[in-house]
Amino acid sequence: MTTSGISRRGALRMFGIGALGVAGAGVLGACAPSGAGSASGGGDTKSKDFDFTSWSLNEEAARPSIEKIIKAWEKAENSTIRAVSYPYNEYLSQLTLKLGGGETTGAVHLDIAWLAAMAQMGKLADLGSVAGSGGYTDVALKSGVYDGKQYGLPWNTGSIGVIANAHLLQKAGIKKHPVTVEEFEDALRELKGLGGGVVPYAAATKVAQLKDIFPWMQTFGCTLFDGGKVTIGDDASVDAVTWYKKLHDRKLIAADVDRFDARALFGQGKAAFYDDAIIGKGVTSAQSKDTTLAGAMQPMERPVLKAGDTPRALLWGGVIAIVKGRGQDAATEFALHTTTDRDTTSAYFAARALPPSTTAGLAAPEVAKDTFTTEWTEKITRTASGSPFWQFAQSAQIDEAVAKQVQAVLVGRAKPKDAMRKAGEEVSALIKR
Amino acid sequence: MTSTTSSPLPAVERREPSAARAGRSTRRRVRKDLLRSRIAAWSAVVVIGAFGLLPVYWLLATALSTPESVFRFPPKLIPTDLTLANFTALAENDQLIKYMINSLIVASITAVLSVVVATYMGYSFSKFRYRGRRSLMHLVLASQMFPQALLLVTLYAVFSSFGMLNTYTALVLSFTTFTMPLCVWMLKGIFDTVPDALLEAASIDGASRWRTLHSIVAPLAAPGMIAAGLFAFVRGWNDFIFALTLADKEKQTLPPGLVSTYIGEFQTAWPQLMAASLVVSVPVVVAFMFLQRYLVGGMTAGSVKS
Amino acid sequence: MSTAAPRQKEPPPRRRTEGRLSNGAFAVLLTAPGLALFAAIIFYPLLSAVFTGFFKQDLRLPGREFVGLDNFAYWLDGDFLTILKQTLVFTVGATLVPFVIGFALALALNTGLRGSGFLRGLFLFPWVIPGVVVSFLWMWIFNANYGVLNGVLVKSGLIDESVAWLGQPGTAMLAVIVTKTWASFPWMMVMLLAGLQTVPKELHEAASMDGAGAVRRFFAVTWPQVRGVASIVLLLEFIWNFQHFDTIYVLTGGGPAGTTETFATAVYQTAFNGFDIGRATALGGLWMLLLLLLVAAYLRITERKGDA
């Protein structure tokens, strides 16, 4: 037998067997995710048992209080809730896979940034008929809307902003929060001077949370998306990234940091500033052994380019959406109860420092008199806006595309100008897809 | 390939007289050589040992540390405040135990399925000659090279359309894609070492072909089958990509289970994560210690002589 | 299918179905379960995947659209060469480094050190523990802020300031290779040791008496004996590394700035994070094409050797 004879025959046989497989398993097209059509609507919508999927169940600081809500509901309704969780950074892709495969039912906790992506899969129920009875604030209610339909009941509505460690600022002799980017940079330099491995600003530098760069781009004057056009790549966005790179090169921000690293650093008293949602206070202080840290955490207006500019912040929040099908009705009731019941939201606030989304809940004395929360609302949420990319199903991919380009700049693989131009092109392409 | 054990021996004998003539000086040199090789050997063992085992030490040291003590820089190389709390916390974690049971079930079934199927196939490849045999053999061997990540994309779609996501079946079938080719290869190697004369004798004695395989050849090849099974088990136990994608919490195995348990907040839970890692490794390490001999024998059977 | 002479003698006709099957048919029957399985879970999915590469398809949505070679062009005009280069760097590095280490250790253990059996068992630990655990462990060792590697290096004055090993383009790939090396050198050591143990001691002694130095002895006596095992070990490891996923995905996720992206992580992330299975399978198809060249090379080598 000659070599070529064998490989040719081997190749032919491979095709033969492949064809056999094709004939056996059906037309090639059958491998399209037909689950998309079949899985939804199946199952008993009246079932008392359902699933509840939330990334918070995966986080030590949040799990007990959510488990308490679940236990209480199970007891009152004599039903069983299956609690499911994925880590936040993996959540969107895992949930998409499981929802596509028809494995996810019941109630799902969603970051408002993901609502469009999940809603367009066609498996979420329209909650328009129940949302009205919840007494949600208008802003909150709007965060659960995609394409004119109410897909999510708002659980928490807040923003992502900068948190400062008052102890460290004091140590470095910084008397008041920096107002402009320039003052901010000076403050960072002072803080760096403290030594002892202090990371002045534990800004995100890993892809997972580099979307934190968006408010900075806005601070420098980039609109991100304007009149149907992507503006990433304009001079303002390049300036923002150039500045970020400068902080990185001077070690005022650290490499290889995501939200969780930042919280750890801040919790250890090794970071003076970091970006987080309002939820950060509960999470970060809970994992710190320094009991005075919670008192030292201060919400700070994001520095602006010129004094007098409006500080930028990203709206942030969680909604509970309901998957059509098994347990749909009970899950809806559960979601409504979890997000609107006064006692439940107050207990949840007490445990996690996470303000509720209803007018009544916000007016509850323990919420209204909490200074961190009120300050946060005043300084950060007041001027916060949603990302213009949230309306697109590809919003997570858009965030990632930009994040990768920014990271390329940070590690020195690309020039800010080229990287931002490329990011802009990629985002435009993603929007069209 | 060629058996070299027989030819060199006479050569040694032939040289013997010359060595004797050289006398003491040669012996001294040989002894010096021996000493030098001993020193070289020990230094290699020590250096590589440091690379191989210090991380294991660090795994253990971190697992025994308190959560706060690991956030110290530079870290203490010998931890002082030891605790078993990280391990007791694991014992209370039902979900991790569930992952472990899933892993056991899926890896075991994968191992059995792969070995059974591969035994027949390997036997056919080893002891029969027919047209297309070689092409088939090559195809099976080459299928190890097919990219798993690509396979996964369509397997996900196929399992999804059959409603098979999040089932043990889906996991076993997907694990088989990488265990079976290797098992076939290993078992063919084992069967190659069974002398044909034995089969002929069995045939003359009137044993049917099935009986020859099942009651004469299989017992002989048992160590190899165990080795192949063990190999499949370890690969199945260690798989990450398939279980991550094809199964949900209910049916997920340990590796993706660990990721989803700790990766969200791993920065703070290093000691716990290390403790969990250690516990997860124990079953395979123990299984391995007992069956090491078979595994090494089985893996090398096909290759050492060729 | 059953013409070539079977090695087994045709048995005398006997009970029931037995006699009705020719040896060839029997042999084919033996392969049937395996082949059915292969067809269903390997060949069909692969062919189907290659086919999907010509479509624009979102994992989350039903339906697809034929786009010809667009998806392939997307990669070839974009990151294909970068990914290829990085995949090769990883594959070659993670194959050769553990090979050298494993070989050195095998040679050392083969000199009959006291307790070498125990040592062999001990060294296997890194290979047996799950790949994800290996990644976790090294992720902790390489940790930028609290990692022990930085700790030791800073303390000993070799570096002034902690290094973000996994966060910098150059060091990230190095870290990934070191991690993979740690996990695979034991396996190579075991295989090579088994090979070395077939080398008769007398050969060494004879060569030594002839005055051959250690290096010459290695090339004249040892290497020819273990070449077979060595090439198989290298080949298998190369194949496995070429599609390795776990270590890179857990340690760096292909980052920073895509500098540790390989075919495996790129295909996975395009399909399951980007949900673009058209592009994912197109990249997979290109990858397959490269692999087919490898397979052809492999066949040519094994054919020339004329394996049994």
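As written, the chain order gives the labels A, B and C, with residue 1 at the start of each chain.
Operating definition for what follows: a residue touches a chain if its C-beta (ideal position, glycine included) is under 8 Å from a C-beta of that chain, and two chains touch if they have at least 3 such contacts.
Worth saying up front: this structure is predicted, and the values here are computed from it rather than measured.
Participant: So which chain ends up closest to the centre of the protein, judged by Cα positions averaged per chain?
Facilitator: C
Participant: Going by the touch criterion at the top, tell me which pair is linked by more C-beta contacts: B-C or A-B.
Facilitator: Per the contact counts, B-C leads.
Participant: Nearest whole angstrom, what separates the Cα centre of chain A from the Cα centre of chain C?
Facilitator: Averaging C-alpha atoms per chain gives centres 36 Å apart.
Participant: Please work out the Cα centroid separation of chain B and chain C, and write it as a whole number of Å.
Facilitator: About 13 Å separates the centre of chain B from that of chain C.
Participant: When the C-alpha atoms of chain A and chain B are each averaged to a single point, how far apart are the two points in Å?
Facilitator: That pair's centroid distance is 40 Å.
Participant: Residue numbers in chain C touching 2 or more other chains?
Facilitator: 35, 38, 40, 44-46, 48, 52, 59, 145, 162, 272, 299
Participant: Can you list the chain A residues in contact with two or more other chains?
Facilitator: Within chain A, the residues that touch at least two other chains are 1, 6-7, 10, 14, 17, 25, 31-34, 97, 100, 197, 261, 264.
Participant: Residues of chain B that touch two or more other chains: which are they?
Facilitator: Those would be 71, 73, 132, 136, 138-139, 142, 154, 156-158, 245, 259, 266.
Participant: What does chain C use to touch chain A in their complex?
Facilitator: 35, 38-40, 43-48, 51-52, 56-57, 59-64, 144-145, 161-162, 164, 166-169, 253, 255-259, 272-276, 296, 299-300, 303-304
Participant: Touching residues of chain B toward chain C in the complex: what are they?
Facilitator: Residue positions touching the partner: 1, 4-5, 8-9, 11-12, 15, 18-19, 22, 26, 29-30, 33, 36-38, 40-42, 44-45, 48-49, 51-53, 55-56, 58-59, 62, 70-75, 77, 116-118, 120-121, 123-125, 127-133, 136, 138-158, 173-174, 176-177, 180, 184, 192, 196, 199-200, 203-204, 206, 208-210, 234, 237-238, 240-241, 245, 254-256, 258-259, 262, 266, 270, 273-274, 277, 280-281, 284-285, 288-289, 292, 296, 299-300, 303-306.
Participant: Please output the residues of chain A touching chain C within their complex, sorted ascending.
Facilitator: 1, 3, 6-7, 10, 14, 17-18, 20-22, 24-25, 28-29, 31-34, 36-37, 93, 96-97, 100, 117, 120-121, 197, 199, 205-207, 251, 254-257, 261, 264-265, 270, 393, 396-397, 400, 404, 407-408, 410-414, 433
Participant: Given the complex with chain A, which residues does chain B contribute to the contact?
Facilitator: Contact set of chain B toward chain A: 68, 71, 73, 132, 134-136, 138-139, 142, 154, 156-161, 163, 165-166, 245, 248-249, 259-261, 263-269.
Participant: Once bound in the complex, which stretches of chain A touch chain B?
Facilitator: 1, 6-7, 9-10, 13-14, 17, 25, 30-35, 38-39, 55, 58-60, 84-90, 94, 97-98, 100-104, 197, 260-261, 263-264, 267-268, 287, 289
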